[in-house]
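One chain, chain A, appears in both complexes that follow, with chain B as partner in the first and chain C in the second.
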Partner chain A sequence: MSEISHYSQLWHHRTPRTRLLMWIGWLALIALFVWCWQLMNRETIWFFVADAPRQAADIGNRMWPPRWEYLPELLMPLWDTINIATIGTIGGVVIAVPVAFLAASNTTPSARFLRPIALFIIVTSRSINALIWALLLVAIIGPGLLAGMVAIALRSIGFVGKLLYEAIEEIDPLQVEAVTATGAGRAQIINYGIIPQIMPAFWGISVFRWDINIRESTILGLVGAGGIGLKLQGSLNTLAWGQVTVILLLILCTVVVSEWISAKLRHAII
Partner chain B sequence: MRPSDAYPNYWRKPPQILTHRQWRIGIQLAILAYLILAGASIEVDWQRVAMGLERGQRFIMGFLQPDFSSRWRDISQGLIESLTMTLTSTVIGVIISVPIGIGAARNLTPRPVYLVCRGIIAVSRALQEIIIAIFFVAMFGFGPFAGFLTLSFATIGFLAKLLADDIEEIEPGQADAIRATGATWWQLINYAVQPQVMPRLIGLSLYRLDINFRESAVIGIVGAGGIGATLNTAIDRYEYDSAGAILLTIIVIVMLAEYGSGYIRKLVQ
Partner chain C sequence: MLEIANLSKVYKTGDKALIEVDLSVPKGQIMGLIGPSGAGKSTLIRCINRLVEPTSGKVLLGDVDLVQLSNRSLRSQRRRIGMIFQEYSLIERLTVMENVLSGRLGYVPFWRSWTRRFPSQDIQRAYQLLDRVGLLEHCDKRADALSGGQRQRVGIARALTQGPELLLVDEPTASLDPKTSRQIMRLLTEICTERNLPAIVNIHDVPLAQQFMQRIVGLRAGKIVFDGHPKALNEETLTAIYGEEDWNPSREEAEL
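Showing the complex of A and B:
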């Protein structure tokens, strides 16, 4: 039949039109990339960039061997770091729970007024990194552990709040209905209808955030908020690269251990 | 009739997580002991805090009445650096992480390649962006170029891992079907794997774009350029109204990026 000969022998994944559009899209992306690249590198000193391998080798030489004698001095800051992360997480979670209940569309008392405020709190907390919070808090309440804890707590509100309010919105409404049908009050509905459903998610999120917070609190000292980062900053400033190696290895170990603990705990809970 | 006290008219919600009584009490005591120990290690200089509260008030005032104009040149310069850094590092990071992600998928590659690629991912994920930035600044000098390298490096670990996990979970039937036609390895990737993971890859790239912008605001603190450097300067100079303006700018851009990327992801998937 003559109709068959009309078809191409070769199969193509897409129609010519979509292919053309995709090519234009890719071209636009490349053009945008090149433009950004030029804008970004206007003030780059290429001599330094070319020099980088030599610098890297130099730093590598200084970093090895690690100065292991420095390790005992680090144990106290490490304890501080763990405290910053843990207490910061607890503080963050305590504030995040009411915020999450205000932000979830099925539990919020006023969708028009309180919900946007709760969502704004979550977005603000999420979009500002713990290090920036710490930078602000060190300026406000002075350097030390407290600034670190408050920074971690402020950063955790958004994370925990967002995940928790999504968990609240996904609960099974039938259980809530059943509890409501018994004539329960608002607090009782939350206590018997909602909390049992979100409990596993709540612990999972909290432990997950704790794990992330251990990671973040190791570097808060760079801006003066206490912990092992303070030692890192000191070692970097005195160009004691052997000590930097020890600190980085210790941070690495801490992060791996905390990740392992959090994975075990979450596995046990969920 | 049985006496009414045989049937309790009072019910207590049973514990959900730790159902074993001794364990529950033990763990609660351990937590209490830890909190007391940890609480003792905080040294708070209340005088300093009281002094700082006034400064905090000024900061909140600065946040409420941000001053965009007097430092606008520095802010816009920092923003341009941050935004360009974000885009270029995401593009380069995605380009590098695709082959590594394919290499780290157990169902597509031989064992040695798999181990090497997983190793690269582990190294990239283990170190914090800010620590990598410190090293790149020491090696490549101050400025956005070091930041660009840092973010690209961090992107590789993030994206390659998620991409590899995704490839390992593809529908094996489709891959078998393509294999049965006698397809080469490249054709297998192109016709069986790529169509399955592409929507997610685009989604992840957009998500990483979002993360990279947030991180670009931080790595400036250690000298890797971008809006973080401007913010650091503003706070060091106690110019809280400018700092408030910078923070508001960051928040607005992050919000826009989040909604924008969410919209595009919905469109793609």
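Showing the complex of A and C:
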């Protein structure tokens, strides 16, 4: 023991500077919470909050029992909704693939010119919600299924493009090197060196996006872009709460089924 | 067959990987390239098929100076040079047959390679080579289903499908056990002898190099510091290549 007594018994996980910064960080977080709490208290009309349970019970009463006779009328709009999601996804993926190859730093033909454009397309598509795309498109190409499909496609480009270009950037460069060494051309290098490596990611991303699009397309009708959302809006406007219940249950079932299909597909691919 | 003259490579970071290297490899010679990590072995063989762009110098394969080529003619010259890699570098998710046929990519147009409809001579050649490396019955398995030794055999078959005039071999046995390493080295040397193919083999394992190579070149800090018969490797020359180290005792102890 005495031989090693000149070694320190103290060891700190963090430097004093880091500790101070973390302490300030926590303090700021607590201060923000207190400030938000005060703001919320000031701007809430407590009469409505106190009334909430009664209102909820009231709507609940009106929503029950569901008006099952309404169901047959919903099947066509539901079919439309599924078509909006599926065709929209396919359209989005078809455009997203070349965009992803332009955006990935290891495949882009020009890092200074085309890559920023591709990244801009991805950011634009991602930053605008499908509902807002639909709102714009209904104004441009008129209400209906087409506006819904284009809205879903435009929203999907960014999502699929971003995840796909990240997958392209993460491939094993040695396989690409080996294909290059055989004297293969540019397109052949992509076909043999890159595509086999990103195939699982590609299918996983596409099916996942389709699953999300089923959910998103159920509300597009609210702004006139077709599908089951139109019926939901109609029922809400006429205060037909029994019909609203049927629609919500139907959407729930559709989403559960689509999630089951997408889980099965992804499992089969990967 | 291969003439390298005054070849230098300076990386963007300013690291001098190769300094005015002169080297010539005649037809049919199997040459081992040894040296410490970072000596420039990998850079040297990658400068030959320009996976790494040389900074200056000449690389003559036959009469063609590979350094001067435009991209298009570089691609057709790359067909003449087969390459075998340390981690096999197979396309893991494709079948063994697709991997072997990928050696023909420089010869077939894009649509043929896209639809996997290769000319019948290419397919016959691929089957013949798979038989030569002993993998004929595995041809429709996916590459990632094979063991390390089998994968390296696919790598060898792929390089040979090109009908190469020179083989570049980068640490072919670094990921393999000692027995498989020897089998792979034996296969490589046999194939080179059969076809009178010259080969440059990067290799870490000095005893393995001595066992299989006809000539050893030692590289240190981008310069050739040894060039001779494997038997000429002794304590003095190993020190010249790798630096000061006690080379003998472990071997003597092993003999006792």
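Rule of thumb we're sticking to: the second predicted complex is superposed on the first by the 229 of 270 C-alpha atoms of A that agree within 3 Å, B and C clash if a C-alpha of one lies under 4 Å from a C-alpha of the other, contacts with A are read in each partner's own complex, and residues count from 1 in each chain.
Just so we're on the same page, a residue touches a chain if its C-beta (ideal position, glycine included) is under 8 Å from a C-beta of that chain, and two chains touch if they have at least 3 such contacts.
Predicted model only: the values in this text are computed from it and were never measured.
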{"item": "Simultaneous placement of chain C and chain B on chain A, clash or fit", "value": "clash"}
{"item": "Partner chain(s) touched by A:D80 [first = chain B, second = chain C, both, neither]", "value": "first"}
{"item": "Chain B versus chain C as contact partner of A:M149, first or second or both or neither", "value": "first"}
{"item": "Which superposed partner A:A181 touches (first chain B, second chain C, both, neither)", "value": "second"}
{"item": "Partner chain in contact with A:Y192 - chain B first, chain C second, else both or neither", "value": "both"}
{"item": "Touch count on chain A, higher of chain B and chain C", "value": "B"}
{"item": "Contact residues of chain A, present in both the chain B and the chain C interface", "value": "191-192, 196, 199-200"}
{"item": "Complex interface listing, chain C residues touching chain A", "value": "49, 51, 75-79, 81, 83, 85, 87, 89-94, 98, 102-107, 110, 113-114, 155, 158, 162, 168"}
{"item": "Touching residues on chain B, where the partner in the complex is chain A", "value": "13, 16-17, 34-35, 38-39, 41-45, 48-49, 51-53, 55-56, 59, 80-81, 83-85, 87-88, 91, 126-128, 130-131, 134-135, 138-141, 143-145, 148, 191, 214-215, 217-218, 221-222, 228, 231-232, 235, 238, 243, 247, 250-251, 254-255, 258"}
{"item": "Residue ranges of chain A touching chain B (in the complex, touch as defined)", "value": "13, 29, 32-33, 36-37, 39-41, 43-45, 48-49, 52, 55-56, 59, 79-80, 83, 86-87, 123-124, 126-129, 131-132, 135-136, 139-142, 144-146, 149, 191-192, 196, 199-200, 203, 215-216, 218-219, 222-223, 236, 248, 251-252, 255-256, 269"}
{"item": "Chain A - residues contacting chain C, complex", "value": "172, 174-175, 177-185, 187-188, 191-193, 196-197, 199-200"}
